[in-house]
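Can you read through this structure? Questions will come right after.
Order as written gives the chain letters A, B, C and D; numbering starts at 1 within each chain.
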């Protein structure tokens, strides 16, 4: 077993044991969705109209959960020192951590979102595109968050700062994702936003590990 | 054609807002430069050889 | 220490430090530092607190870049990161709460290019076999130290950098550390330990950091 | 590969040289800036004609458009500083970047507020989720994030490197954000809005606009120098305080 897969499995195991992973993110997502009608009223048609945008916004916020501890816990315990001594490049190791984070937040969220879409009276033809958009788009959110996590790794209360740093950069992902679902709900083709969303994720797949690793290296200088 | 006089208030507001923001930044920058210099002078008077040793 | 004798897979390098200088913040910790270390030698670093013992170890580990001077390993070529040849054991054990001692050490073994299958034997060798299935957050500081020591055995590496290796350890534990250092040196490895405890080893190189201010 | 910058050069030489040049440049720049603003404002209010469509409100353009240019220009300068910090480890690069970020945020804020005030008589609303204003708003958020990161990290060198990485990440993202917002706007564009950007600009308007832009640039440079000098003084104070406290191990 290589160091990369060992790290991935370790983080998945940690997420299960510590309980900050899948369940809590999903519960947070569910709470956000159930709060919406209280804020805007029970007008089914209005809810249906803003549901795609709102589900994407909720997914964005749920993805931020736990990001502040993603690298910090390893830094505090001296595990990041060991990363530096590993034969596996730091860029790939932080990518493994991001993948683990996505597997316990983004992935379950994408699969559950259509069910919550039912509650928000989303158009039936938009169910599958909703799950698809989240599957393709939430990795970009996690990866952008990875950069923020690396930049705030040594800060005691970095959670709020992380959100401030990260959220502006998520604008394109949010636009493409929410537009995809909206177009699908109107019965229009959604290939363009899907391609743009995928492009965003691919781009972040390159930028995020490199910048996060650079930030971690510089943070210990 | 819009009556030129009708929007004088908006023009004034825009220029005033700009003056307040940029003026605020100018004032803040100038005051902090003065404050930092004053503090440095006080410290240098208190520890005359401290700064020399460092360079 | 049968585990260490497998060191032979990697040739132990020699260390040559020339003209090393480092400042932290505005303080110069040391300058013009020269150190030579041959395979099989043990270096003991001493000096008052805040004189840069930990910084020197982190410089050698490659975590920090020096202000001036060079750290060269031979025969390791310069392009290879020295990180892959050495173990670094700092103030933190490198163990994550929420995982068992076994899981922690096995993950580190994989990360450091060692053999996770040796985890059980390594934990046994440091006297932590009964702790293997316990989550590390229930362990005492000394027990955590022991578990962390197992890392040195699951991934054989020729160079050990140990920052205060005796902290929190009882008499047996301290004897164990001495034994491990001795075995590593006997196998041709290279050990640099920052500690004020006597190491009781022949052929010990001693470096004192931070003489009186001139 | 372990050869690094000599300590003395890092600590003193360059800041001293910088301070000498800054003192020499500062007052000529102040005078030039005042002159440009005087000439520019005269042109704005007494020479420039009212727009045939927007009337006198077009006079807001002379403070709005240069602010938008500066908002981008300052960010471009910060990208250069970020490269200076990360690649060349230039000791003045992070000082420049730290000094520039609040100035960029201020120009962005001016751009947003004047745009909003211009929008009220033009569009009939204070805020329009128009592609440009939305992008500029995101730019302001990025500036604020950079300033927040500067404040959060205590050690200046460490903060400088983190901010430099964030600046570069932002630089890659800003064009994408701009593109996505434009794309979003073309999908959601309300039919009733008419665009601010006239296809052509009359030379009688262009000249005061350019002069005002130069005035803004001068103001930026003056403030940048002042803030860099302040930052250097603050670092010197910090150093002096630590030395005066007699930290052990100091062998300078």
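To be clear about the criterion, a residue touches a chain if its C-beta (ideal position, glycine included) is under 8 Å from a C-beta of that chain, and two chains touch if they have at least 3 such contacts.
Note that the structure is predicted; figures quoted are calculated from it, not measured.
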item	value
Most distant chain from subunit B, judged by the mean position of its C-alpha atoms	C
Highest-count interface - the chain pair sharing the most C-beta contacts	B-D
CA centroid of subunit A to CA centroid of subunit C, Å	37
Inter-centroid spacing, subunit D versus subunit A (mean Cα positions, whole Å)	31
Subunit B-subunit D separation of Cα centroids, rounded to whole Å	15
For subunit A paired with subunit B, centre-to-centre distance based on mean C-alpha positions, whole Å	41
In subunit A, residues with contacts to at least two other chains	221
Subunit B residues counted as touching two or more neighbouring chains	54
Sites on subunit D at which at least two other chains make contact	11, 239, 243, 252
Complex interface listing, subunit A residues touching subunit C	1-3, 5-7, 9-10, 13-14, 17-18, 73-74, 76-79, 81-88, 93, 220-221
Subunit A residues within the subunit D interface of the complex	147, 151-152, 154-155, 158, 161, 164-165, 167-169, 171-172, 175-176, 179, 196, 200, 203, 207, 211, 214-215, 218-219, 221
For the subunit C and subunit A complex, residues of the former touching the latter	58, 61-65, 83-84, 86-88, 90-99, 103, 106-108, 110-113, 116, 135, 151
Subunit D residues within the subunit A interface of the complex	86, 138, 141-142, 144-145, 148-149, 152-153, 157-158, 161-162, 165-166, 168-170, 172-173, 176-177, 179-181, 183-184, 187
Subunit B partner contacts - residues on subunit D that touch it in the complex	11-12, 50, 52-57, 59-60, 63-64, 67, 102-103, 106, 109-110, 113-114, 117-118, 120-121, 219, 223, 226-227, 229-230, 233-234, 236-237, 239-241, 243-244, 252
